[in-house]
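Lettered A, B and C in written order, each chain numbered from 1.
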């Protein structure tokens, strides 16, 4: 209920837009949709991303990928850590947004923000350890130096879960980008509100534009375009119901260019220790041989 | 080529270091693969006779005597006294002071006399001594001179000194109207890398070598198949660039007919059939000849022979 | 070569005791198939080598059931060190029967005996030996504290390296505690059937390894079978795509090792002689029937002419003919179908304006043979620069700068392997970093080892075979 007395000040509301290539454009379609609380109260209008927005996002992600992969692991780790710092600073803002779009007590929302911050910190530390943990020096039977090391697969399309909003997004984005991939993430429905704010965090975290691209709107509408896109290398189906027709159809579409696919799980516990499970599928093992001689 | 000879160390360095590098593992693998060729029946019979004709039957001992040299010459002329179809070897290779004895024993046989010279095997003597050594051998009747390069100078990058010395020895080979063929021993066992083998091969050819030879036989490793492969590539490329054909002589360490055939396969598939001739390819060896003879007999009779049935020289 | 013509040096066939017909190997025994038989042909002579049982869906059912039984009752319960002993035993028997396997491989596949003898069979034995050692060390593989087997693996392998691909599939699967149903390629089933005998000699428990011979339909039935927990496939990208679609929506774990169109980059400072050997080895090894073949030669313009001249000279010494002759470098094309495909693509190369060259060589009158061929004047847009020919056909392109080399090399939907030839260390590493390919051979090509992971980026498939990485495909971690 707004205060209409002459001395009252009306709040300046934020326009929720997409996050593509480091900028915050509206949907090229001009569409938006109302984000509401579980009880139905209006929260904001979010941009309803279209297939062309998805196309633009993939293009931005592809353009950013070589540079991000070439950044030193130390640098990538610091950028992810910077995301955690920025997130921490906006702790209350995120908690309020989470509580409003997900419902539930503010304490739980704060706990989700804390878990998200911790998860960014956890993944930040992985950047310069992946090669050591996942790589190998292979003792081939001959005079050859032979080293295997993980490398990013390229552009990853992520279908984020509807809830938990911030922790879900964090849990799919951070593991994909830490190894040098760039991503296009679909933040569905009410997830748009914390997602766009997360975009603002990223825009102020030294994360190069295009490394993370956020599309808000409908997973069912956007996912088929991303799953079939031939310039996308991998697909995380986290936000699709396990065993659903949609999950199968997306996997079939992804097969066209042999995308690496992470299938959805029936009972995914986003608060559990994530392990290496979401990093490995988006890393290729490259093995280099060279003769040893004088 | 004379223009290049005028080059100083720096110029030669640019030239030799501008040659395509050699990957050791790849060169070894190529040689090993050539070694898997299987030469059978008629091809083997031809190969064995060719190998006999390519042998520089060698004795290079402090204990050598004219008697020993005469025995070796007899063996070289008729390796298989009982078999008319067995060819003679290409040459008898001796120290300079044995040339006279060899010349007498080989008279009219067509078998050549090769003499090692230039303070063989180390080459550590003043140039004048090396040239005198050469002139003495040539005047005593040597058809071929096997000289050693100054490995110390080569490894120190004093390429001009190495080249000038080769050219001087080449001139000494032509002393008094003679025209002895010059084989230049690179002593590859002391050159350490295949890149150096390749550079030394080119340097020797540029300086006038008629043959490039792997080793003295006094240093281990002596001839190896990969080193010979590199030298064959060098003579092939040198002819393609200059039109002049240079021979190759692996020496030391080749003891079996099986090994010799591997070398011939390598000649055939690297430099090509033009080099499959005693004028262009030689084996520097002492014990190889007997194994070639044993294998020759096996092929002719179908039974394995034994060392009691070939002569010990 | 008239002066020194090599006489024929044929390897003896007598070491192989071929039966007129072979059944399916299910539950430790050979049995007739439900769908009749097909013939396996020697591609070098077109003679029928043996009749082989054709497995249908009912046979797949039986084999998967046998594998499940063996998994539940025996193999998954066996301690790792005991599984290891069986694998070591198999490695040793492969070594003991190496000559027999090599001759049979060359008869059935058409590859030169030098390669089956020196590469395929020794590497197959080495693969079993390597993975045998892993069987009791899986918790130490850095793949999680408690790795568990997946269950029954359905494995479909190609005809280019029949026994070696079997080893790549079976050895890690068994080491990790899975049981397998394997389908060898339709045109090369015989060494897999001899391998079944080896399993019997090794006293491998019945049902741990089952071998179903057949064609595409058999493989499709195996992949689709609900009792299969893990699918491993090596073959064409087209079939790999179908498999990926087929398993969509299931919980089956999949690894795919598919096609390639590898670039082999030669810079002007390369060790040239070795580069020429690497080019030859890269495209003519195994008649070019190699998914990682270096089929696109990218040469720096400044040395392009010299490299092509030297390559042609080297190609003149290649010996094409009887696979059983120890001096043969290039044997028979595996099948009439493959020969037809190679011809179609090479004709397309000529039609598109590339210049075709082969050394003069007499091909045998019978059998499927194709002369080693090099195309110059090829552009990126030509079919022969884009499509996998899977034959002894090389396309030569040029580049001017390292950046252009990288761009052209990566300009393909495939990403299995790449070659780099340059003497400059920092450039090697710069290039290796930028190649979008699972295997990068620098100053060498077509090297394989059981300890070295192998597998592709992009449409060359996913998952790795070989090395510690190869375990992950067969474990729930």
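Convention: a residue touches a chain if its C-beta (ideal position, glycine included) is under 8 Å from a C-beta of that chain, and two chains touch if they have at least 3 such contacts.
If you want to know which protein each chain is, UniProt gives these names: A, C = Aldehyde dehydrogenase family protein; B = Deoxyribose-phosphate aldolase.
This one's a predicted model, so the numbers in the text were calculated from it and none came from an experiment.
Trainee: Name, by label, each chain that touches both members of the pair chain A and chain B.
Mentor: Output, common partners of chain A and chain B: C.
Trainee: Could you say which chain's mean Cα position falls nearest to the mean Cα position of the entire protein shown?
Mentor: The most central chain, going by mean C-alpha position, is C.
Trainee: Please identify the chain with the largest separation between its CA centroid and the CA centroid of chain C.
Mentor: B
Trainee: Which pair, A-C or B-C, has more C-beta contacts?
Mentor: A-C
Trainee: From the mean C-alpha coordinate of chain A to that of chain B, what's the distance rounded to whole Å?
Mentor: So the centroids are 70 Å from each other.
Trainee: With centres defined as the mean C-alpha position, give me the chain A-chain C separation in Å.
Mentor: Their C-alpha centroids are separated by 37 Å.
Trainee: Between chain B and chain C, what's the gap in Å when you average each chain's C-alpha atoms?
Mentor: Measuring from centre to centre gives 44 Å for this pair.
Trainee: Note the residues in chain C that touch 2 or more other chains, in rising order.
Mentor: In chain C, 443-444 touch at least two other chains.
Trainee: Going by the contact rule already set, what residues in chain B reach two or more other chains?
Mentor: Within chain B, the residues that touch at least two other chains are 23, 25-26.
Trainee: Enumerate the residues of chain A that touch no fewer than two other chains.
Mentor: In chain A, the residues touching two or more other chains are 142, 144, 291.
Trainee: Using the touch definition up top, name the residues of chain B that touch chain C in the complex.
Mentor: Touching chain C: residues 20-23, 25-27, 29-30, 36-44, 46-47, 50, 230, 233, 264, 268-269, 273, 276 of chain B.
Trainee: Which of the residues in chain C come into contact with chain B in the complex?
Mentor: 1-9, 114, 118, 269-274, 277-278, 317, 326-327, 423, 443-444
Trainee: Which chain A residues qualify as touching chain B in the complex?
Mentor: 142-144, 291-294
Trainee: Contact residues on chain A for chain C in the complex?
Mentor: Going through chain A, the ones touching chain C are 133, 136, 138-142, 144, 146, 148, 153, 233, 243, 247-249, 251-252, 254-258, 260, 263, 275, 284-291.
Trainee: Inside the complex, what are the residues of chain C that reach chain A?
Mentor: 126, 142, 144, 237, 240-241, 244-245, 248-249, 251, 256, 258, 413, 428, 432, 435, 437-444, 447, 449, 451-455, 457-462, 464, 467-469
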